[in-house]
Each structure stands twice: as structure tokens, then as C-alpha cells.
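Below, each structure is written out as C-alpha cells.
Consider the two complexes below, in which chain A is the common component and chain B and chain C are the respective partners.
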Partner chain A sequence: MSGLTGKIIARSLGQVGSTLAFLILVIAVVEVLLYLILGKALKHRYTLPYMLIAPAAIGLALLVIYPIGYEIRLAFSNMSLRSFKNPEFGLDQAWRNFRMIFTQPVLKQAMFFPLFLRTILWTVIQVTSHVVFGMCLALLLHRPMKLRGVYQALIIVPWAIPQVIAVLTWRNEFHFEYGFINIMLTRIGLNAVSWKTNPFWNFAAVNLTNIWLGVPFMMVIILGGLQSISKSYYEAAEIDGASGWMRFHSVTLPLLQPVLTPAIILGTIWTFNLFNVPFLINQYELETSDILVTALFRAAFEYNRYGFAAAFALVIFVILFVFSVAYIKLTGGLKGVYER
Partner chain B sequence: MKKVVVVLVLIMAAAMVIGGGQGETTAEGPVTITLWTKEGEADNALQWVYDLAEGFNQINSNQQVEVVKPGDVEALREDFQTASLAGTAPDLLWTVNDHAGPFTAADLIQPVDGLFDLSKYVDAALAAVKLDGRTWGVPINNGNHLMLLYNKDLVPQAPADTEEMFRVAQRLTTADRYGLVWNQTEPFWMVPWLGGFGGSVFASDGVTPTLNTKAMRDTLQFLYDMKYKYKIVPKESDYNGADSLFKEGKAAMIINGDWSLGAYKEIFGDKLGVARIPKVSSTGKWPAPYTSGVFFMVPKEVSGAKLDVVKAFVNFVTNEENQVQMVRSLNRLPALKVALDETIVKNDPFLKGSADQMVVGTPMPTVLEMRCNWDSMKPEMQAVLNDTKSPADAAAAMQRAAEACVKTLE
Partner chain C sequence: MKGIKRFFYRSRGDSPFKRVLIHLVLILACAIAVYPALRILSVSLRPGNRLLSTDLSIIPKDATFENFRRLFTEKDFLLWVWNSLIITITTATIGVIIASASAYAFSRWKFPGRNAGMVFLLSTQMIPAAMMMVPIYIIAAKLQLINTYRGLALAYSVTSVPFSVWILKGYYDTIPRELEEAAMIDGMSQMGTFYRIMLPLAAPALAIAFLFNFMNAWNDYMLARIMLQKREMLTWTLGLFRLQDQFQTEWGMYAAASLLITLPVGALFFYSSKWLVSGLTLGSVKG
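Showing the complex of A and B:
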């Protein structure tokens, strides 16, 4: 076995070293230029802050702005395998790409709108389940009981496991012959389920996995919110004769809102864009389990429709952008930030 | 502020020192090429690749090969395309023949006609990487085809036709054993039967999909019957599931490729039977699995000293000694003509069975349109096997999807 020999380590370090050296060199040059231009020539009062921000700004420009710019440029091209090295760019190509998204199959057979609706369904199922189950667990744990810390730790485990590992483990558990779930089902006299090939059950498997993964996060957030609610509100409600449901409805829920609102908006965006779970659980690439982002990945890297996929990515970006702006406007989520 | 300038100048000097020396090693030292291989660890093939590279590196101090394994076969294709775009492609590929289609379409590899003496390789293997009159790969092994493998403890004699196969398999199917297993998720396992029903995925021009045909409908009906009428296969079975069932003795027969021979031979020894996939009783035709092989492909930009290392390594791997070694350790059919005459190849019952299956095989198309066919057949085959679509509807949907896909290639 060709293992990790000293030679390989030395060469790897050498490669990292040269990259590091290049980065240091570029930053040093920029810093010197900033110092000479802003500090010496212009005598700018913010020379030092600019010099301090410069490395991060360069890093962001390289890692975020350049790829986005490249992506937008690609959306204006007909890049595919046949035009891999010499794609044509132009408005007509962009128009063709955007038109294709809405008029032709995005994947082999799935059209954009059914995929979009499925993505919404997926997001609604997930966020609702996360909040409902997370709330139930948080309420159960937010009371004096023995071994509360142990229960909390156990429930948080799914969140603590690296997502890809957890998902791949679940995928194996959905195996028809050897999976834990089917073995349990057959032991209690039920039929084994085709989790990987049946469209309905595959979508169910994807959902079950992500519910398992997502509930602990929501539970932790809600539990934190619950712990911050002063007991005096409940005491006052009790004196007024409020029932358990009324206390929950009129005290707990409104006071949890500052915590729940950002958790839900973030959860929605994360779920809408979640790639690992739908992609990995859907091992046999059933189009009936694809959502927009997995379809986007397949269009780009399995079907090599690069220009088309870039335009498709822009459409998904616009959808999320509109959602975020609308949600922020409606809930005033960023009010606190602007008012500072 | 002078201190700041001094510090910055010192940093720049340090960076130059760290960054220096890098270029010198490449100018003076050995020329190293990077090889990406599709081989996996399941049948020890990846280990064999590592051993070959190590052997080559030991006898060539100025020419070195570094092996990289970038995930599975599909990951290799995707990563190679992306790396080529970024200008960081490897110097040599060790991959399957159907990658020649996308790689030539994207102009990422170079023809090997002038680089190697191709006359020493088996013609059938070379045919699998010929496109537009040029050869795009050097064969490492020949075959890569499906065949029937059976456990002789359960099936003493291979069934001659599908009627017999169903009879035998039904008799052997019990609560904890299946008569037959195969990878029900990949159309690669369906294609042999399509040939047995007289069909082909392309028209005579080799690029127009012909999936909505009577042969395809009959094939899908046949697979459906295998599952729901004769009930000899698992309800759901992927590659690993089928493989495990057979290895554990929970399946009497399996349809699998020549790459699995080594592992099965190790488990079953003489009790492993290798034969052709049974003749289709209703047509009297042999199923025709796709034959191809594993190939070296040379990326477009490789030239000069690196190309010399590539040539030396390819010739080293495909020399007679290493080809015979491959037969011994991996049970794969060699691509080198002289190696085919070796006693070990001629007398090995497993390889004989494998070679016999190859006779009725058909070369796997390498054109880019084949990708559309694979992608279109896969979900529809699964839908039929899930009883969510009729064979007629599935065949029609395959054709529509393939035609739409071919359009997007333009």
C-alpha cells in the first residue's frame, strides 16, 4: 500500500508552502501599496483600518465575489460538453437558458414547477416537523426531572454527528435486505419496504432522515428560549386561573417568538437549499425525490449542462432572495440591527 | 511607520525563501506524473495499481508515478472534467471506455494512435475506444462484461435457457434464499436481455436512440415477470446487496461482471460456476452484455517529459509479465495479444467461461449520446421493477427522455 510516506508529506508541505508564500507575498505587496498610497501620499485618517481589512477583503473577493461573477457569466453561455473549452457568450444564450428552465425538463423528465412545488412541500414538512417535535421535546425537558442532562445529551447526538456520516448511515439502514428498519418491520410481521426504489417511500426516507437530523437543533434553540422566560409570567397566569394550554398559547408562544422567528427563517433557507440529505439518501437518483438544488447539481455535473445550470442557480437565488426580503420585511427581523 | 515597512519587507523576503526551491526540484529532479484510477479496493485492484506504480518507480529513478483514487468511476469523470477546466488535470487516466465519449466531446484527451504500438493489443478491446477513426485509449484489460455466476452446491449445471433458469431459480427460492440476484438499479444489467430480445439502444447510425421498441417492451416485461410472476429475485436489490447475498450463499445465481471473479473465486473456489447468461427461450437468442474494458487515456495537455513518463508507464503496465500478473491476481482477461496465449489464460475454467460470454457480447457504445440512453433507461427500468409503470409506458418515456437529452447535447 502506498501509504503516507515522508516523501509525500514533504511534497505536500512544499505545495502548501508555495501557496502560503504566494499569499503572504500578495498581502505584503497590497499592504505596502496601501501604506504608501493612503498613508504617505494621501495622509488618509483610516489608513490603518483599511490595511487591517485588506487581507479579509481580498480573501472574500477571491472566494465569494469571483465565483459568483463567474457563475453569472456562465449563465450567459451555452457551455456544455460539446462546447466545453470554447463556449459562446451572449444575451441570446442567456435567454435560451432561462427559457429552457421553464419550458423543458430540468432533469431527464422533471420540469421546473413540479420540482419547485416538491421543494416547497419538502421545506414545509421539514420546518413544521422540526418546530413541532423540537417544541414538544423542549417542553418535556423544560421541567424538573431526574437525568435531564442525560436525555438532553442523547437528543443532541444527531446534531453532533457530522451530517454526511449520519446520512450515509441512515442510507444503509434503509437497505431492503440488510437495513435495520426493514429487519424490524419484518420481525413484527409487516412487509419490508422498498425505501430506495419506490418513489413514495424514498421521499419518505429522505424526510425521515432530515427530521431526525433537524429536530435536535430546533429543540436546543427552543429550550434556550424557554429557559429565558421568567417564571413570574407563569405564576401570574396561574393566579388568573389560566389553563395549561392557555399558558402555552398566551405566555410561552409569544415570548418564544424572538427566538423562533430567526430559527424558522434560517431553517427554511437551509432546508430549501439542503443538498446532502436528499442527494445521498436518494441513492438511485429517483427524480421523484429530487429538489431544486439536487436537480441543479445533476444538471451541472451529471448532465454537463453548465450554462443552463448556471442560469438555473440564478433562478434559485432569486427565489430565496425574494423569500428572505419578504420575510424580513414582514417580521422586521433586522430591525434591531438597523436601529443600533 | 518605518518599522511597519521594515516588517513588511521582511515578510516578503521570508515568503520568497519559503516559496523558493519549489521550481528547482522539478527542473533537476525526477519527472513525476499523476495517475487517476477508477479501480477500487473490493477486488484488490487498487492495491494492484499501487504495486505497479511502486514497481515502476523503483526501476525508474527519473520517472515517477503518483497514484490518486478520486472516488468512484463517476466521481473520476466529473472531477476530471472540472480539473481540466481549472487547468489542474492529472497526467494519465485509468478508466472505463465509455468515458471516451464525454472526454472527446469536450476535447479533453488526445488520441493515442501515434503514441503507442497498438498492434500488440486485442482488436476487440481497441474497438471499444475508437471514435471518428481514431483510438482514444490503451487497453489494460479486455471484457468488463456481465455473465452468469452460480454456486455449484446449489446449481450443479448452468441453465441453458431462461425457461430452465426460471425453473431452477423457483425451486431454489426459499424464505431466506433467492434463486437469482442482480443489480436491479442499473440499466447496464438490463442491456444484455435487450440483446436477447433482439433489440439495440441505437439505430444503425449509432447515435439515434431506439428505446421505444418491441424488444425493449419485451425486455421490461421479462424483468417484471422475473420479479412479480416467478418471484425469484429480491424485491429491491442494488449491487452490494446482490453481491452480499451471493457471497453469503443466500443466492444461487448472480449476474455480475468479470471484475467480481477474483473475489468469488476466493470464497467459492471450485464451487463457483461461470457461464453465459442463459439464452432467451422465446427468441432463441443469447443475451448480449456490453463488452469494453479498462483503458489508459491521456489528457490533452500532456506533452514533453511528462508524456515520456506516460508512455513508459503504459508500456510497463501492459507488458506481458504484468498482464499475466493481472490475470493471476484479478482474473481479468488481458488486452495484450501474447498474454492471451499464456497457459494460465487458456486453462483457467473461470476465464474460459468469461471468454465464452464475451463471444456473444457487443461492444459498448462510447458516443456521448449513450450517456442520454443510460440516464433515460435507469428511472424507467426502476419504475417497471417497482410496478409503478407498465413496460409500454416506460419504453415510451425512455425514448422521450433520451431524445430530449440528445437535443441538449448540441
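Showing the complex of A and C:
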């Protein structure tokens, strides 16, 4: 019973083939239309670039912009499993949805603001740990020494493992009796920890897993940045008599800025939105370990409150958007985006 | 304090004690990084009657391939991998083709709407994936795309387009325009130079973009979970989750499956990690 039969292979190839044929047809029609209208009729200077971006633009419009519009519409409805076919739309529904987010539990007990604070705590813990540990390891690995390549290869192992596998494996290892963490703890004479049922330790387990997962990436990024810093800066600093700490503070850090800033912004957004780790580690679905995005997923697909979830998603998006704009304004972090 | 300060930068003239200390720290870091991964190997080799044990050794004494055999004979492992492969390869191919063309436009022309387009591409990266789930699920349900390869392949390929465009544009920018101009003087058309000169020169970046697309779709759990429900449509992430959910009985098979999926993907990752990183930091470092 391996499940992979000739019939399934044929069906999947047929489906993929017809999808590709359909896509090619649509793109061809669009390109010809663009060519005729922009190029022949209007003699537009930029016909070719518009033709080049047309497929991506259409794809993004259909699969990003349209769903967002649809989501906004959903937020004005009371769609749920019961009213899936004929939901009611209206301002009063939107008002009800948005008021419910802040006044009633988002899931069974979890309220919005504790969830929000936990998400911030989670993001701060994660990004700080990734940068601090990543920086320490990168600085150590940047020194000329033996076995450097071996160390580097081994340390990035967590990044190389598919995330779902890494997370599910950790979830096993948090088992009370047979996970290696508790076995090790009891062997050195400590008490075993109930990682899956105790709210505090469950949140700790989620955090530990993601630190393990996230440090290698940050380390590699920082190491790349370190290697791009010219040695002459350090030589100059040394001639000026700068101590090790001064060199780190006034040469390394500023010159790492172009690498660190985007890495921290992206890291923050990724962590804030991270789904797999908090969702999968939390085997017994403790609401005390949920962050905003996992709560959103549960509200939508376990409680089937689609209209409410759409409103909730918009609130989360606004939070992220405000953060990103503020951060970019404050640091000028994405300078150079326009220049190139 | 001075010792700690100097710890970081003095590469020559370190005392032997300090060098030993650095190696110890790095060995500890390696152990933390690798041991949990090696546990997958040791669990997968355990015989069925000893799956639950407090043994911490990496290769158990009574190692057996029983779990691997049962994985292929009792579970749909090959089917899961096939489903994932077909969706992922379709996705990555469509994504890279679409992105390579748009990136060329963004790199070579200052057309109206270019800056707005770049900012839009960047801001799509801020949209939480979980936020898109509700509308995508409902739209897919209305278009009858649930439980099809089609729906997932289309959804994945578009979601990774913005990132691919960024990588590819950065790489195209480093290719001098003179090459194209020379070819155009020799009578080649604009699209001819794109196809014959830019794409071959940008092969490394195209490979990175393909790999990113591939990995994104290959490792996805959330979208697959809401889009695929039928047993014969499951991807490996869903299949593994099902194995793993029944903790008591299937731990060994779960570990065996994880190992079989991790080895090729991990090897590919190590092989390409240098380019992956250069793709991420491309253009952000000067000097």
C-alpha cells in the first residue's frame, strides 16, 4: 500500500499540464492585446517593459490584491460555517466584528490584548536572541583558525532541515518521559518539565525551538557582512590605538549596519508572522501559547468564524504596517531601494 | 573586562587557554545544533518494540531498518513525496519564468509606476501568510480548487514572485548594459538580448530564485493544510504531521520519513548555501 498508483500519476500530470497550457494561453492573449493596444495603436515608449511585467502584475492582482479586497468585504459580513452560502453584509456586521475583537475572547478564553502583548514579547525574545547569538558565533567564526569550515557547516544544520520536520521533531523531544530534554534533565538530577501542558514551559518550549531554528540564519548573514568589511579599517583603528571593544563598537557595528538593518526588519516581520513553530509545538492547543497569527488561524479554521477572522486579520495587518513604516522612517533602513 | 573585549578581535597572539576556550564554545554550539537532528536518525533505527525508551545514544545497539520498510509498505510515503514534488516543481518553474521577465523590466527601464511597483513588491512581504488564508480558502472553495494540484501550484507560484523579482533585479543590475548595447548594435532585438545574453549570464541568480521558490512550496504546511484534505492529495508535510500526531505508535516511522526527506533537501541546501546567502545580501553591502 504505497498509495502511488499509475492512475494518480497520470491524473496529477494531466492536471499540471492543463494548468500550464491554460496559463500560457492567457499570457499569450494578454501579451498580444498589450502589444496591439500599447505598441501599435498608442505607440507607447514603454510597451516592452509593460509586456514583461504583465504576467506578474496579473498574477499578483488576482492572488494578492483581489483576496485582500475580498477580505475587507468579508470583514463586513457574518460569514461562518452556518452562513457560508448566504452571509449578511453590512456596516453593522463590520462594527460587530471589530468590537468583538477587542471586547470578547478571540478564541475560547484568549483576549486580544494579552495575545498582542505575548506576540510582542515573543518577537522581542526571538529577534534579540537571534541577533545576539548569531553575532557571537559569527565573530568567533570570523577568526582565522582550524576547523572553521567544519564548525560553520555543523552550526547551520538547523537551517538546512525542513522547518516542519525540525519543529515536529522538537515537539517529540518535549515529551515528558521520552524526550531527550527531560531525560537529560533528570539525569543531571533536576526535575522533568511538563513542556506540553504547563503554560509557562510550553511558551518556553516554543521559544527554545525557534531560537534553535533561527540563529544559524542570522549568523550566516552577519558572517557575510563581516567578511565584506575591509581589513584596512581595522588596521587603521589599531594604529589609532582602539581597543577590541572600541573596534567592535565603532568599526564593526556601523559597517554591519547595511546588512543588519534589513535582516532585523525582515526577522521581526517573519517572527511576528511565524506560524509553524508556535502552532505545531503547542500540541495541546494551549491558548496561553498562541500568538496573533496562530489565534487568527484557529479563529478561522477551527472555529470557522470567517467574517470575524477577516476583521481580525486586518487588525493584525495594520499593526504590522504601522510598525514597518515607523521603523523604516526612523532608521532610513531601506535607503537604496530607489537608487538602483 | 579587557579580556572579554579583546576576546573578539585578537586573532594572532592569543593565549592557548583562550584558543581552547573558543573551540570549546564552538563545539558546544555545534553539539546543540546537531544533536536534536541526530535524534531523528537514532529514533528511526529503533526496533518497533523499543520506540519509547530513555536511551540517549545516537546509534541504538539493536539498530534495524524495520521502520523504513514499514514506511514504504504500510504508509503512503511515496505518494506524499510525489504530490509535493509535482506541486513544487510546477510552482518554481512558473514563478521563476514570470519573475525573470518582470525583473528585467524593473532593472532596465524607468517606466512610470516603477518605484511604486518595487515598493508594492516589498510590501507584499509584510502581509502575514495567515491573513491571506481566509480569503484564499473561500475563493478556492468557490472556484472548486480545494483538493487539486492546480490551486496550490498557482497560489504558491504567485506568493514567491515578489521575492524572486527582488533577487533577480539585484543581479541584473550588476550586469553591464554595454553587453546588451553591443549586441543590439550587431542587430539583435531587445528580447533577443534578454534571452541570449541576460538569462545565461543571470543563471546563478535564476538558480537561487528557483531554489527559493522550491523551498517555500516544499516546506509549506499552512496553505497545504487548508487546501488539501483528501488522503490521496496529501503532501509530505501533511503526511508527516498525521504520522506524528499518533505519537505512541508511529514515532519510528515518522523519524524514518523525516530522515528520507531531510537528506536530499539538506544536501541541496549545503551545496547551494553559499549562493543562497549571496542572494540575500546581494546589493546591500558596498565595498
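We take it that the second predicted complex is superposed on the first by the 334 of 340 C-alpha atoms of A that agree within 3 Å, B and C clash if a C-alpha of one lies under 4 Å from a C-alpha of the other, contacts with A are read in each partner's own complex, and residues count from 1 in each chain.
FYI, a contact is a pair of C-beta atoms (placed from the backbone, for glycine too) under 8 Å apart; a residue touches a chain by one contact, two chains touch by 3 or more.
All of these numbers come straight from a predicted model, not from anything done at the bench.
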| request: Using the touch definition from the top, say if A:V277 reaches chain B (first), chain C (second), both or neither. | output: neither
| said: Contacts for A:Y178 in the overlay, against chain B (first) and chain C (second): which applies, first, second, both or neither? | reply: both
| With the two structures laid over each other on chain A, which partner does A:P144 touch: chain B (first), chain C (second), both, or neither? | second
| request: Name the contact category of A:G39: first (chain B only), second (chain C only), both, or neither. | output: first
| said: Contacts for A:P49 in the overlay, against chain B (first) and chain C (second): which applies, first, second, both or neither? | reply: second
| task | Report the partner of chain A that touches more of its residues: chain B or chain C. | result | C
| request: Determine, under the contact definition given at the top, whether A:A28 touches first (chain B), second (chain C), both, or neither. | output: first
| Regarding the shared-chain residue A:Y303, is it in contact with chain B (first), chain C (second), both, or neither? | first
| message | Going by the contact rule set out at the top, does A:A311 touch chain B (first), chain C (second), both, or neither? | response | neither
| query | If you stack the two complexes on chain A, which partner ends up touching A:I101: first (chain B), second (chain C), both, or neither? | reply | neither
| query | Which parts of chain A are in contact with chain B and also with chain C? | reply | 1-2, 18, 20, 175, 177-178, 301
| message | Which residues of chain A touch chain B once you look at their complex with the stated criterion? | response | 1-2, 14, 17-18, 20-22, 24-25, 28-29, 31-32, 35, 39, 80-82, 84-85, 104-105, 108-109, 175-178, 192, 194-199, 283-287, 301-305, 308
| task | Mind listing the chain C positions that touch chain A in their complex? | result | 2, 4-11, 19, 22-23, 25-27, 29-30, 32-37, 39-40, 43, 52-54, 56, 72-79, 82-83, 86, 90, 94, 98-99, 101-102, 104-106, 108-109, 111-112, 115, 117-120, 122-139, 148-150, 153-155, 157-159, 161-162, 165, 169-170, 173, 190-191, 218-219, 221-222, 226, 231-232, 237, 240-241, 244, 247, 251, 254-255, 258, 261-262, 265-266, 269-270, 273, 277-278, 280-281, 283-287
| remark: In their shared complex, chain A is touched by residues of chain B numbered 1, 4-5, 8-9, 11-12, 14-16, 18-19, 21-22, 25, 47, 50, 53-54, 67, 74, 78, 81-82, 84-85, 102, 105-108, 184-185, 234-238, 241, 244-245, 368, 371, 375-376, 378-379, 382, 385-386, 388, 397, 400-401, 404-405, 408-410
| chain C-facing residues of chain A, complex | 1-4, 8-9, 12-13, 15-16, 18-20, 23, 46, 48-50, 52-53, 55-57, 59-60, 62-64, 66-68, 70-71, 74, 79, 137, 139-141, 143-145, 147, 151, 153-166, 168-173, 175, 177-178, 180, 183-184, 212, 216, 220-221, 224-225, 228-230, 234, 243-245, 247-248, 258-259, 262, 266, 269, 272-273, 275-276, 279-280, 293-294, 296-297, 300-301, 306, 309-310, 313-314, 316-317, 320-321, 324, 334, 336-338, 340
